[in-house]
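The same chain A turns up in both complexes below, where it pairs with chain B and then with chain C.
And now, the complex of A and B:
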């Protein structure tokens, strides 16, 4: 719990340069941060810093429920979190939700999203919030 | 065709500066045909980027002062060609990146402006940077004075070079000046790992900053001995900073300036012989522990 009595939940998103799913996961994470969920306080954890040695980030992921959001099946965020902080409370993988061919290839600029890609962002954000509810149900 | 530049941005999601670093990386990649390295995937699967890093010059873009991208490069012994830090670029432009991921209203214009200022550095034709353009103009020193102290030998060129007391020199030919650091300073710094020269087109004042040099021991701010406009930088030291250690007066020169006030500047400079006296005092003071 944080000072306001809300449950702090960490979100660790794929940083997303190696695949378009990275950008989708990044935007979906930001969308969840913007969402108003009474009772929850979302905290992003900067994955490059987490991996480069950020002790505060690693401790947070160890002490609080954390959800990883990965752009593809390489699951960099999940693997890094499990290796450096321990088991996660929830995970979302964009390519589990959206077929790879629909995502396309190459780097995806955030300002160039198609309507279909924007819908994917909503779909992934909804999946993250499902994980949040699951954490709440399971205590 | 192999990418000329390989960009390693911090890509941070939790601060605006990180998001801006990513935006600049995307812009630069699109404009120069460069490849972007995902900092996270690089940490988990470095071999994936091995050939890319061999082919292109590495540009690191940091977001905030934590400088994660630089940290990743240093941890992996990557040779950096250029570093850009969005927090510093923001300071220059009086733009205040927020503490969280929200990208401010002026972000797009800010990134555009940062890219506009860096573009000439990466698009050599536009900047008129022709390596070796004046190669014949600046001959190396013909004669050195030498000061020995214990196992150390310090060299100072006797003719054609002027020094400030900050251990930076200028070699003058007509209205052109080539600048660098002295043998004494390079030995003090020890192994030089990275050089940030002034950008071409920069107007530099005498005793103003003209870039930085990083070594395993310190980051040293270069103090310009002269006033002028930077017309070229030594591309070779970007790829091989150790050239400054090997030969600070010839291969290790840092930048070339079009001089605008040399007659007045010279009054505040030391010729080789007078600098040698200053150098001897510095060596003596250093050894006396002052």
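And now, the complex of A and C:
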């Protein structure tokens, strides 16, 4: 709990510069960060900062429930968080939710998103919030 | 991961998810590699590189890289160097605001019209840097 009595939950998205799933995972993470969920305080962490030795970030992920959001099956965010801070409380992988051929290939700028890709962002954000609810249920 | 010839110049932004500068730098980098200089430039997931993915590290080893960072921690520049890339230019997104002081460029989640304009100016600057290093050849 933070000082306002809210449950702090860390959200660590992959950086995903080179694949559409990365952009979708980041936008979904941003959507959850901006969402109003009474009782929760969402915190995000830049993954390369976390991986490169940010002690404050690593301690946060060790001490508070953390959900990783990965854009592809390489799962950099999940693997790095588990290696540096211990088991995560929840995980979301975009390619588990959306078939690769629907995601497309190459890089994806935020203003290029199609209607279908915007729907994917909503789908991934909903999956993150499902993990939040699971953390709440399991205490 | 895009397939690249070894001559390509890598433009690698920080992951910068928490601040507007991170988003702006990322969008400028994507515009550079995708629209402005697709034949000369490529990008790579910084986290994949930092995590030590063998394929990614092999691809970046000795390659000329332009990093674009959103905050003073310079994660992209430091991590690309650590991973074996040759950082030939360290660009800071904040420097693109020299002629736009006080402008509302947006948030970490979206850019305003003014923010997109600054991102495009930064992308043009990155493209010029790509040209310089691409044309300089491998020995530079």
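The criterion applied here is as follows: the second predicted complex is superposed on the first by the 139 of 139 C-alpha atoms of A that agree within 3 Å, B and C clash if a C-alpha of one lies under 4 Å from a C-alpha of the other, contacts with A are read in each partner's own complex, and residues count from 1 in each chain.
Criterion: a contact is a pair of C-beta atoms (placed from the backbone, for glycine too) under 8 Å apart; a residue touches a chain by one contact, two chains touch by 3 or more.
Keep in mind the model is a prediction, meaning the values are calculated, not measured.
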Joint occupancy of chain A by chain B and chain C, clash or fit: clash
Partner chain(s) touched by A:35 [first = chain B, second = chain C, both, neither]: neither
Touched partner set for A:74, first chain B, second chain C, both or neither: both
Touched partner set for A:136, first chain B, second chain C, both or neither: neither
Touching partner for A:16 - first (chain B), second (chain C), both, neither: both
Which superposed partner A:47 touches (first chain B, second chain C, both, neither): both
Partner chain(s) touched by A:123 [first = chain B, second = chain C, both, neither]: neither
Set of chain A residues, in rising order, touched by both chain B and chain C: 13-18, 22, 26, 29-30, 33, 44-49, 51-52, 74, 76-77, 79-80, 107, 109-110
Residues of chain B that touch chain A when the two form their complex: 9-15, 18, 22-23, 25-26, 29, 36-41, 43-45, 48, 66, 68-69, 71-72, 75, 100-101
Complex interface listing, chain A residues touching chain B: 13-18, 22, 26, 29-30, 33, 44-49, 51-54, 74, 76-77, 79-80, 107, 109-110
Chain A to chain C touching residues, read off their complex: 13-19, 22, 26-27, 29-31, 33-34, 44-49, 51-52, 74, 76-77, 79-80, 106-111
Of chain C, residues touching chain A in the complex: 1-2, 12-18, 22-23, 26-27, 29-31, 33-34, 43-48, 50-51, 53, 73, 75-76, 78-79, 82, 108-111, 116
